[in-house]
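Two complexes are shown next, each including chain A; its partner changes from chain B in the first to chain C in the second.
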Partner chain A sequence: MNARLLPYVLILPVTLFLCLFFLYPFLLVSKQAFSTGAGFTLDNFREVTSYWKFPITMRNTLLLAAAVVPIQLALALLMATMVNRMKKGRDLVLYVWTIPLGISDLAAGIIWLAIFEQSGFLSSMMSGLGLVDKPVNLLTFQNPGIVFLAIMLAEIWRATAIMLVILVAGIGLIPKEYYEAAEVFGASHWKRFLRITLPLLRPSLQTALVLRVILAFEIFAVVAALSGTLFPVLMGETYAYQFDLLNSGAAAAMALIILAISIAFTLIILRVLRVPKGATI
Partner chain B sequence: MAQIEIKNVAKRFGSYQALHDINLTIQDQEFMVLLGASGCGKTTLLRIIAGLETATTGEVWIGGRRVDHLAPRDRGIAMVFQNYAVFPHLTVFENIGFGLRMQKLPNDEVKGRVERTAELMHIEQLLKRYSGELSGGQRQRVAVARALAMEPDVILMDEPLSNLDALLRMEMRAELKGVLAASTTTAIYVTHDQVEAMSMADRISVMHQGEIVQAASPIEVYRNPAAEFVAGFIGNPPMNFLPAAPAGDGKWSVAGQVMDGPSSGKPLKFAIRPEDMRPADTGLTATAKVVEPLGAHLLITCEVQGSMFRAVLDSDMSVKPGDQLTLAPQPDRMRWFDPDTTLAVA
Partner chain C sequence: MTLHSRILGAASGAAIACTAFAAQAEVLFWSTQAKPVEEAQAMREQVLADAGDVDYQPNDGGPWLTRLQAELQAGSGTIGVLGALHGDFSAMNPDDLVDLDDLGVMSASGTFNDLAKLGTGSMQYIPWMQASYIMAASKEALQYLPEGADIDALTYDQLIQWAANAHEAAGEPKFGFPAGPKGLKHRFFQGYLYPSFTNGVVRTFASDEAVTAWEKMRELWAHTNPASTNFSFMQEQLLSGDAWIVFDHTSRLAQAFNERPDDFVAFPAPAGPTGRGFMPVLAGVAIPRTAPNMDAARALVEYMLKPETQIATLRATNFFPVVEVALPGDLPPSVKAAGDAVAKMSASADANPGLLPAGLGDKGGDFNRVFVDSFERIVLAGHDIRAVLDDQKGRLAAIMEETGAPCWAPDAPSDGACPVE
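Our next item is the complex of A and B:
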């Protein structure tokens, strides 16, 4: 077989699979988004963006991503550094820390609901300690702050591990000799982290952040479980258009808007964390 | 002032004893070369002095201060790593300036020092490149420049010129020696290149299997090797050895020849450098096997009573393989070793 053709032949099955099950449905969705029955139109987009809830859902989604992702990044970096220093028990700690990865987002939402709801253990504990007279429901429209906090906690608990595993792998690949050289030449722990770990981790940081940010824009089940409709997000609205209002054109438009935001942020992350030309990392 | 004292340092990796009870004092501003075969513990010793490895037992003192508990960056040292450890994400300029930046020196000071050391190492035209865009030898010179730019009290160099071609290495050798002589830096320089060791060192420490066998001036190490290992390791070609049997007080029979030697009751080993022999009427009888003209000299590999024996003679001699030679060792250059302890006997 021709050596130049071989790679293409080998990726053919995957390519076909992707075309059939991703590209084709994607084209269908796009078609739906850009038409209302006859011809090309932006009506669907006009409809969803002019709806009064749209700015709120957009704001909520971005706010949540902005609040959750930096904390997760910092936590994941801290945890990855700690795991990397461990000599014994490293694998065990990693397994425990990544348990939330194996739990679906809806289940995660329900677990945290069990903590925060009226008969949940946070409320029981507070009344047990005499902080409140009787069990209270914390997740109500009177407490938007607590609702937001509960969603944040659930998200951080659930999805930090995905960044952690990527960063642990990345940090493990940085040769020890660079740390030794930096240490000899006067870099403190913190300086070594800033001047060696972070720059050499850029490829892993890119992957972890892109994955995580995209997931943050797709947040749905955790929010639904914890807040119902108290905290509307983009994905929730998309669901509502499709299944409650049976307006699949509008749902398709929402989906494309989420996609556009994801692509925009991916490009920003890739740009900000790019490796300078010529540097080999 | 940075005198380095290594007191009873031993290092064990699991069950493997890499260093045995090392004692060594390096004077302030001295240029000490550590010479030894691969795997004898040179890098390990250097890393212990740098603080990258902790000694199993023993103490390290730098400038009158015990440093065992100090982090590498508090020891006033700079190091050239055997595997360079040039940062891949920084340009050559930022690599050389790394330590200076950590000291928060002003920008123009950093620039000045980086450019000066880069010029010294002939890499001034590479300052904008990244490590991935350099050859091995260029990368090695970046590592040397990074250490020199620090103008440290102590510089530890682990085979800093090993990857350069012969010509450049000779040039760099002179440059390095020049800068270090002009500075107040104390240097420890690891190499397995004897020529480098002989030409640069104030003193040479010869290491063998985790021990320092001899620490002395280059000429002393060459002329009066303290042990058989040193005699066989230093010099190219190395010293010749022949068994010597006692033949009366202070007399020894070597390959049928009676020679004057030390007084000792038991058999010894006789040793002589290849260049310390002259053709003469009486002496060791040798049969030439291989004759290699080296320009100024002839290197003759011959056989003396079944032992291999090398002689370096003037190139105007005409010797062919198979010729019988009579070689007289110069009396003041003859050395004797105890075969049991392998140490020199005076």
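Our next item is the complex of A and C:
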């Protein structure tokens, strides 16, 4: 086959798949968001943004992303460097750390619910140790802080691995020579991490952060399992518009708002962590 | 081709052939009711055993509607018969449902038959089964009933006092309220709290009486298990002892009565200044215009309304018959308990029965949200009652104007859209 055509032929199936199952539905959703039956309108957006809960859901979603992602980034970097230094058992540790990745987010939410609920592990343990008189319910509307903390913990547990996997692959790509040279000049571990690992990890950091931040704005099942309706997030409201209120137009508008936030943050991350022109690893 | 792939191919071919064959012979009964596994199994094995080839498939509301709408949009489908709540049907376009007047079957209640017309001139669905919301309590809690209170004729004040006594005795709040994401709290406000305090739902939404009603709700909430925001089926909390006194749908309490019939009592909802408000639940069966085999679908609808089928349905789902039947003596404990409580509630001197919201079309969800939001803001977030009601009032008025829905009981009748006063 013609060598110039071959790449296009090879990506053709994926392109077709994406067009059919992503691009086409996306166009339909956009159409739905900007129409209420007759012509172009912003009514759907006006409706969802004027709802009293909208600022709360927006704040909750952003707050959660802001609290979770930096911790996950630090943890993932730490774990990746640790894995990288291991001589023995590297694969085993990596497998164990990535187990949460294979668990659905709803299941993860339910696992953490089993820990935090009234008859859950944490509460029973505390009463067993005599810290409290009888099992207490932590996830109630009176303790919004604990609800937030529980969701944070569940998210960190569940989704750090996806960043870890990307960063481990990225660190593996950094040539050993740089480290050897740095060692010769007497650079400390910390300095080597700051001056070699971090800058050369930029492309992987970019990918990991983009993926993770997008997922953070889509958070739904973990929140639903742990907090019920106590901690409304954007995606939960989207679901409510579609299935409780049967208002596809408003749901589509919410979906587009989430998309817009995701795109904005993706652009920011791409810009901040860009690899300077001509620089290569 | 390897032997392995050959076998796989043959197997999948056979499977496809089987499904194709099955699809032709069976009537697909696409339902939002009897979802729990045991209920679905009882529907298949007991209720539908003699109905010929019926594939009973219960589903959550979302997926149920998604598939139905896809079939309606495509203009051809596999769903033969729909089973759903009145609210699900009223959210649909009546043109998508086949008129069922000529079937010759209907419920014994004129009100239900009128509701089933969905505002058109003919029956869009046939009432299938009914239920209601009642109160239930653990017998442990009976000793804390306030002095002089009759459990079958409680007032809201007595209920609050009872919950307070139980709270004090147990050291933790023991009233249980289905305020979880899947809980039916909005029906409590629409069918119980508002009618009992304001003798209305829409007209009186932001009245001074409504402010009193929400104040009472706050008082009750002070003695309510705070985990209630995660409770959706109160039978679970009754059985676990997390709640002693609860309000819920009869079929969401059934398990408690069936598992430990001697430990719980069912009783009517409390009464307020304007009577003992209560509300029915109505499910119906309908045929979508895309049903593949109209005759088989009609036969199934007729079958569902037979007295024997209705009694079998009662045993399977804890929903009561809508036609005249003589109830046998050997019914499950949950049915007896719920039946008695509903009978006492409707026979009470101060009964103030409400109807299901009607004429709201696909705004039923928005209508419920007005009440749920008011609850979240007033009771959970502690906002000022008057301010919240005045704010929510605008939303309610907009829904009523948009749909043009006339008032339903206990609101006084209206010409045109029901006004929010």
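Here is the rule we go by: the second predicted complex is superposed on the first by the 274 of 281 C-alpha atoms of A that agree within 3 Å, B and C clash if a C-alpha of one lies under 4 Å from a C-alpha of the other, contacts with A are read in each partner's own complex, and residues count from 1 in each chain.
Please note the rule applied: a contact is a pair of C-beta atoms (placed from the backbone, for glycine too) under 8 Å apart; a residue touches a chain by one contact, two chains touch by 3 or more.
What you see is a predicted model; the values in this text were computed from it and never measured.
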Partner chain in contact with A:Val275 - chain B first, chain C second, else both or neither: first
First (chain B), second (chain C), both or neither touched by A:Glu180: first
First, second, both or neither for A:Phe141, with chain B first and chain C second: second
Touched partner set for A:Ala76, first chain B, second chain C, both or neither: neither
Contacts of A:Lys191 with chain B and chain C, given as first, second, both or neither: first
Which of chain B and chain C A:Val213 touches, first, second, both or neither: neither
Doubly contacted residues of chain A, that is, touched by chain B and again by chain C: none
Sites on chain A touched by chain B in the complex: 175, 177-178, 180-188, 191, 195-196, 199-200, 202, 275-276, 278-281
Footprint of chain A on chain B - complex, ascending: 50-52, 71-73, 77-79, 81, 83, 85, 87-90, 98-99, 102-103, 129-133, 146, 150
Chain A residues touching chain C - in the complex, by the definition given at the top: 52-53, 117-119, 134, 137, 139-142, 224, 228-230, 240, 242-247
Chain A-touching residues of chain C, taken from the complex the two chains share: 61-62, 65, 91, 172, 180-181, 225-227, 229-230, 240, 242, 362, 365-366, 368-369, 373, 376-377, 380, 391
